Each structure stands twice: as C-alpha cells, then as structure tokens.
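Quick heads-up: structures coming right below.
Next come two complexes, and both contain subunit A; in the first it sits with subunit B, in the second with subunit C.
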Partner chain A sequence: MNDNFNEVTKDLLNEDGLRIDESNSKELKDAATWSRSIAILTIVFIALALLISLISPLRYLTVLAGETYVMVVAVACLAVVGTIVYSLNQFGNNMRNAVDGEDQDLFEKGAGNLKLYMIVLCICVALSFISSLYSFFNTINTSL
Partner chain B sequence: MDISFSDEDKLHTGVEVEGAVRETMQSLVKWTSINSIIGFVSLGLSLISGFVTYNRASFFNDTENMILMAISLISFALNLIINISLFNFSRQLKLALANDDQQAFEHAAGHIKNYFRMFMIMIIIVVVFAVVTGVMNGMK
Partner chain C sequence: MEPNEPENKLADILSIRVTENAAANLRTSALWGRAMAYIGFANLLISILALAKTLVVHGSFGTGYITGVLISSFIGFVMVLFLYLFLYRYASKMLLALNTESQEKLTESFAQLKAYFKFIGILFILSLALLVLSALFGRI
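After this line comes the complex of A and B, so read on.
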C-alpha cells in the first residue's frame, strides 16, 4: 500500500520529468521577448532597405530587376529571412502565451517554431561555412 | 485501501516536457549542436584567414584596413559568444532530457535567452554599421 501511495503522490507532484516552473518560466519569457524583438527589428530593417532602394537616385531595384540570376538569389534570400522572422515571431508569441496560460499545446508549438528556426539557421550557417572555406583557400593560395 | 483522485484533486503542475514536446526538444538538441559546431569551425577558418591577411606588411599602413580589422574583431567576438551560448544550450538541454534534470533545463533556458540577446546586439551593430557606411558613402 505504501508503494502504491508513493507512486500516486509522485505522479501528482510530477517529480519525474521536466516541467516549466517559476524560475525557468522567467528565462523562457525573456527569450521569447528577445526573439520577438529580433523579428520586429529585422522586418523594420528590411522595409527600410527596400524603401531606400526604391527612392535612391541609383534605382538599385530597377537595375537588379533586369538580372534574372540576381533576382532568383534575392527571392531565395527573402524566403529564408521570411521563414526565420516568422519562426522567431511565432516562437516568441507561443512561448509567452504558453508560459502565461500554462498551455501545453502552445508550448509544443513554440518548441516546434524554435526547431524550424534552428533548421533554417543551419542551412544559412552551412552556406556561410562553404563561403568561409572558399575564402580560406583563396587567402592561403594568394599568400603562398 | 484504494486511493483514487479526480482531476480536481490533482495538484497544479503547469506545462510538462513530455511526449511530443520531448521529441521536438531532442530534435532541437541535434540541430543546435550541428549549428554550433559548424559555427565554431567557420569562426576558426575566418580567424586563420584574418591572420594571414593582416600579417601582410603593408596592411597596417592603411587606416581603412585598421578600421576593417577592428570591425572584424568585434564581429568575431560576438559570433563566438553567440556560438558558445548555442553550444551550452544544446549541452544543457541534452543533459536535462537525459536525466530529467530540472536545474539543467533552467540553465538551458538561460542560455537560449543569452543567445537571443547577443543576436539582437549583433543585429543592432550590423544595422548601425550599414547606416553609417551608407551615410559616409553618400557624403563622398
């Protein structure tokens, strides 16, 4: 009977397994706030860059629009940045609401958004690595 | 003696890291590890390339090159801190999931917060640098 009682108590107190408590909920909420801020700042920065490109006397966008290759790269970059901004914003919203409302579904969605962000970031980091590798061998070749 | 409880009797325990969330977190550990390892290797390569470039005799005679070097060093330091935060997040989360360690989970949450904070600082620096460069080019 004692064993059964301990098991039931353990289950009720949820001593096994991880959970969101007071101390880590504060850290998660802060992380959510920072990620949303990054998303908002990135949107503002992209909007400003597009605006400057449009009103600039050099007409960057008009010149670039003529080059198919440049346009494909630009659209691909926008898609990647868009996905990053979306996942960061969603992570921020879902995680904050999950912690505040103690909502298991939103917490799951928030973790999923963070995973999506990490996957897209991994692609960017891999591309940056290839670029570093190219630059590294270029530098070594020129200095020899 | 049979002990039974209804849902209302249960103590309030909040959000749990179980089931689908645990699987997502395990996948998250894998992706963050890959990210941080590639990041560290990239940083190492950049550092070596930087040293090779900066060691050229004529490099330090030019003020523009000196400014470029300072910016590269700041960027390197920030990237290093970001990668360390990501690596620590991955390590602590892995530990937390393996041992159901609540303290490690708290540390992981702290590291992801630091990661986003440093990322924000880096974006602000990039934006300021882009604006300053744009203004300086416009004044020339």
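After this line comes the complex of A and C, so read on.
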C-alpha cells in the first residue's frame, strides 16, 4: 500500500506533461462558451428559416416537399447538422464544467466532442470541395 | 523557496492534465482540422477561378453588375480565408504543443480555437440579423 501511495504521489508531483493551467483554462473556457453559442444560434437559425419558409407567400416548402430526392437530401443534411450541433454543444458544456470543477473526465469527453466536430465538418467540406471541383470543370468543358 | 511555492504546487496537482487519451483526441481533432483548412484553402482557390471565369463569360453585363459581384465575392473570400486561417493556426499549434509538450503553444492553440469559434459566432449573429431583416422588409 505504501508503494502504491508513493507511486500515486510521484505521478501527481510529476511536472512533465501538458496541463490546463490558469492562462489556457481561460482561453479554453471562452472557446467553449462560443461553441455553445454557435450550437444555440444554429438551432435558432434553422427554426427561423423553416418558419419563414412556411409563412412565405412563395411557399418554398410546399413546392419542395413533393420531391423525394429533395426530402432525402434534407433529412441527410438535418442529420449532419444535428451531429455538428450536438458535438459543439457537448464540447461547450463539458469543457466549461471541466474547467470550473477541475474535472479530468469531462475534459477528456470534451476533447472527444471536439474530435467528432472536426471529423464531421471536414467530411462536409471535402464533399463540398468535390462538388465545386466537378461543377467548375463541367462549366469549363461546356464553354469550350 | 518562493513564499507561494507550496500553493502553486497544490494548484498544479489539482489542475487538469492532458492525459494520453485526451492528447489522442486533441491530436485527431488537430489533424482533421488541418486537413479541413487545406481543403478549405483549395476550395477558395477554385471559387476565385470560377468567379474569374464567370466575369470573363458575362463581361458584357456592365460595370455596375461586375463591381457588385466583385465586392460581395471579395467580402466572402476574406471571411472564408480568415475562418480557415484560424483553424489552420489552431491545428498546427496544437500539434506542435503535443509533440514538444509546450505549455505556451497549448495556450496559443486554445486562443486560436476561441478566435475560430468567435468568428463563426459573429458570422451567425450577422446572418441571423440579415435573415430577420429580409423577412421583415424584403420579399422572401
């Protein structure tokens, strides 16, 4: 037991390795606050856009709702946006609580949420790049 | 020994550590973030080329139209450039911090992450305001 105690103490007093100290905890907390704000703003933005589409005299949703292809794309987009909003919100909550309560587990969960956000968004950006590359070369071919 | 050294030591013991698991997650997020920044820069380049091509094809639309397109595109390109620049800086500083165990670089990388999220947040607030204004006064 004494050996184990010594090992734990040695590990705690070990000055090697990165830590969340006073200066970077402030930056991390601010980043977490902004990420949670983005998650909330995204939900407000989507809700407002849907509301405007519903009450708009141009009836965007009524026109688009009949198309199966459009509905499938809309559901896929909502799933992707939902994952991004979820990961942003969880990152914000976990990191803020981790910094406030010096909680190691929440910090690790927050880092996992940031990873999920980056992966999903990177795939979206890559798909958008492929699409713009395709349309760019397509317009060049048609104009030649 | 400094007078407040024991307190500092205690604060160090209680502080959060970047464990192996957290470091792996942060490293993966930085690698994907850097990849996203590279793809974003390439996408920006393609958009500039597409704009140049459009201006060449529709050059006869008049100077008013071309100026409008150029100004709005320039604002868009600058915003996207800054967005990916913050992301690239976060990713490269995070990778450097993890590789060299530099506390200073870790702080800088979190500052860049804050700047990245802050920039997106401000853009969202502006777009939300524009959406509300166009719904109130425009025809959408």
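Everything that follows uses one rule, which is that the second predicted complex is superposed on the first by the 125 of 144 C-alpha atoms of A that agree within 3 Å, B and C clash if a C-alpha of one lies under 4 Å from a C-alpha of the other, contacts with A are read in each partner's own complex, and residues count from 1 in each chain.
Following the convention adopted for this analysis, contacts are C-beta pairs under 8 Å (C-beta built on N, C-alpha and C of every residue); 3 or more make two chains touch, one makes a residue touch a chain.
If you're wondering where the values come from, they're calculated on a predicted model, not measured in any experiment.
Colleague: Putting subunit B and subunit C on the same copy of subunit A, do they fit or clash?
Modeller: By the criteria stated at the top, subunit C and subunit B clash after superposition.
Colleague: Touch check for A:V73: first (subunit B), second (subunit C), both, or neither?
Modeller: neither
Colleague: Please indicate which partner A:S35 is in contact with in the superposed arrangement: first for subunit B, second for subunit C, both, or neither.
Modeller: both
Colleague: In the superposed arrangement, does A:L50 touch subunit B (first), subunit C (second), both or neither?
Modeller: Neither partner.
Colleague: Between subunit B and subunit C, whom does A:F129 touch in the aligned arrangement: first, second, both, or neither?
Modeller: both
Colleague: Check the residue A:M118 against both partner chains and state whether it touches subunit B (first), subunit C (second), both, or neither.
Modeller: both
Colleague: Which partner does A:S23 reach: the first (subunit B), the second (subunit C), both, or neither?
Modeller: After superposing on A, A:S23 lies in contact with both subunit B and subunit C.
Colleague: Classify the contacts of A:Q104 with the two partner chains as first (subunit B alone), second (subunit C alone), both, or neither.
Modeller: After superposing on A, A:Q104 lies in contact with both subunit B and subunit C.
Colleague: I'd like to check the shared interface: which positions of subunit A are touched by both subunit B and subunit C across the two complexes?
Modeller: 12-13, 16-21, 23-25, 27-28, 30-31, 34-35, 37-38, 41-42, 45, 52, 98-99, 102-104, 107-108, 111-112, 114-115, 118-119, 121-122, 125-126, 128-129, 132-133, 135-136, 139-140, 143
Colleague: Under the stated contact criterion, what part of subunit C meets subunit A in this complex?
Modeller: That would be residues 9, 11-19, 21-23, 25-26, 28-30, 32-33, 35-36, 39-40, 42-43, 46-47, 49-50, 53, 57, 97-98, 101, 103, 106-107, 110-111, 113-114, 116-118, 120-121, 124-125, 127-128, 131-132, 135, 140 of subunit C.
Colleague: Under the stated contact criterion, what part of subunit A meets subunit B in this complex?
Modeller: 1, 4-5, 8, 12-14, 16-21, 23-25, 27-28, 30-31, 34-35, 37-38, 41-42, 45, 52, 98-99, 102-104, 107-108, 111-112, 114-115, 118-119, 121-122, 125-126, 128-129, 132-133, 135-136, 139-140, 143
Colleague: Any idea which subunit B residues touch subunit A in the complex?
Modeller: Contacts found on subunit B: 1, 3, 5, 10-11, 13-18, 20-21, 24-25, 27-28, 31-32, 34-35, 38-39, 41-42, 45-46, 48-49, 52-53, 56, 96-97, 100-102, 105-106, 109-110, 112-113, 115-117, 119-120, 123-124, 127, 134.
Colleague: Tell me, which parts of subunit A touch subunit C in their complex?
Modeller: 12-13, 15-25, 27-28, 30-31, 34-35, 37-38, 41-42, 44-45, 48-49, 52, 56, 58, 98-99, 102-104, 107-108, 111-112, 114-115, 117-119, 121-122, 125-126, 128-129, 132-133, 135-136, 139-140, 143
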